[in-house]
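Before anything else, here's the structure in question.
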Amino acid sequence: MYVYVYRHRVRYRECDPMGVVYHTHYLDYFEAARTEALRELGLPYRELEEAGIIMPVVDLCVQYKRPARYDDLLEIKAIFEEMPRMRATIQYEVMRAGEATVLTTGQVTLCWVDTTRNRPIPAPPAIIEVFRRVLPEQAA
Amino acid sequence: MYVYVYRHRVRYRECDPMGVVYHTHYLDYFEAARTEALRELGLPYRELEEAGIIMPVVDLCVQYKRPARYDDLLEIKAIFEEMPRMRATIQYEVMRAGEATVLTTGQVTLCWVDTTRNRPIPAPPAIIEVFRRVLPEQAA
Amino acid sequence: MYVYVYRHRVRYRECDPMGVVYHTHYLDYFEAARTEALRELGLPYRELEEAGIIMPVVDLCVQYKRPARYDDLLEIKAIFEEMPRMRATIQYEVMRAGEATVLTTGQVTLCWVDTTRNRPIPAPPAIIEVFRRVLPEQAA
Amino acid sequence: MYVYVYRHRVRYRECDPMGVVYHTHYLDYFEAARTEALRELGLPYRELEEAGIIMPVVDLCVQYKRPARYDDLLEIKAIFEEMPRMRATIQYEVMRAGEATVLTTGQVTLCWVDTTRNRPIPAPPAIIEVFRRVLPEQAA
């Protein structure tokens, strides 16, 4: 299992009249967390795209347990558990920095598309290599 | 089963560098569809809120099958199938106006919270009444 | 002068903890209003883009006078006053439907860029023609 | 003059089909920059709000000179030049980290409102004090 922790300060524009983070913004937090996780692993998404590969979202689920509030400093964990094949699923957990209570959890599944042929492809070698490094027990 | 159809024109700001609707915006479409469905049924959400009741999102899932593009005229169906108790789940289907192919599906579950006591409550009578009218087979 | 009126229902996600529309969303309203104005005039922006012409925003100003609230039905006026040359400026006024009080005003200036050469160009003939029709006093 | 530099990585959701940052998102960058500037100066906006004071935007202008792209690391400068009275205007400049070319400039004017009486008030003492410290030449 590989866990990357992304920090985000809740902005005013993200909060609704209930005074809490509006539910759609957690998906933006997830995007930022997986992008920074891939960068940390040496694989900026921009490079993938320049190589003619995009990663559209296939499906997602989010579970909202407790609200986050304006100006909260959040930690968004992007959790990589499985070697990707045609798809990759990344888990997420959101909590306040320094606190153990999980506010929100989520799962986002992505696939790979070759933009020149506009067709789905299996996880490209650069991705497989990155996952092998951080999930050695599954790479055997 | 009650189905409300909400129409939305895809805006430039909603499209990403792939030229398609960025995945988070479907949740905005779902919100608009359920709000207009409730209004059509005689129950503007603003009135609920003024009565001290809010409806936070508890969980949601979205399945992305085919992309929508800039300037597409979309139909978002909000589908009510079950009588609500402590929670209400609404289904969604997105297609282009005049086409049968489903682009995206989703499910959003909401609950009710009494804002004065800040506690979850069962579906309030006004909501039950509205659902009874449109789901007569379940109201018996 | 040509005035197009676009209607928009304020969404929950557009309102902030003050209970009013967060200031950036007016720019989205302006975009929707000018897009629908161009469509009404027979010139969908999508067609321009397919012809290799884009219209980036050059500058903008917004004046916030009074707040709009959740569920308000707004009228956004897109006001065309001048024949475009290298740039086109469109004025905006926002009010509640059926009310005379102006809540917000704005000005957005756009230019034209030929995407094949990536260079600014004067207003293309299709645009000039459209403006001539609605601003006959300036077309002489 | 006091300058605070806020860093932001451009996200995929912020880029449009032209492959550049959609124009409205710069206003979000400005909000984040002024919020962090105030925090740095010892005055979190959340504390102001808890003291019954809010800072609505009165007007703003933005000048777009050159585009920013996906994954660019931006520096957003929030520039404080004048002692506030009934209003405060903050200037902004956006550039890529490590580059001197200004991509975007802006000006946002805010005022203060006492939420209990719902009326505009002059800059509260805590704000005046903060500005005095960083603009000593004007505090005399």
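Letters A, B, C and D mark the chains in the order given here, with residues in each chain numbered from 1 onward.
FYI, a contact is a pair of C-beta atoms (placed from the backbone, for glycine too) under 8 Å apart; a residue touches a chain by one contact, two chains touch by 3 or more.
Computed from a prediction, not measured in an experiment: that's the story for all the values here.
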| item | value |
| --- | --- |
| Of B-C and B-D, pair with higher C-beta contact tally | B-C |
| Longest centre-to-centre distance from chain B, chain (CA-based) | D |
| Whole-Å gap separating chain A and chain B, where each centre is the average of the chain's CA atoms | 25 |
| Length of the line joining the C-alpha centres of chain B and chain D, rounded to whole Å | 35 |
| Distance between chain centroids, defined by C-alpha means - chain B, chain C (Å) | 29 |
| Where chain C touches two or more other chains at once, by residue number | 12-13, 17, 24, 28, 49, 70 |
| In the complex, chain D residues that touch chain C | 17-18, 20, 23-24, 27-28, 49, 54, 56-64, 67 |
| Interfacial residue positions of chain C with respect to chain A in the complex | 12-13, 15-17, 19, 22, 24, 70 |
| Sites on chain A touched by chain D in the complex | 9, 11-13, 28, 31-32, 35-36, 44-46, 49, 70-71 |
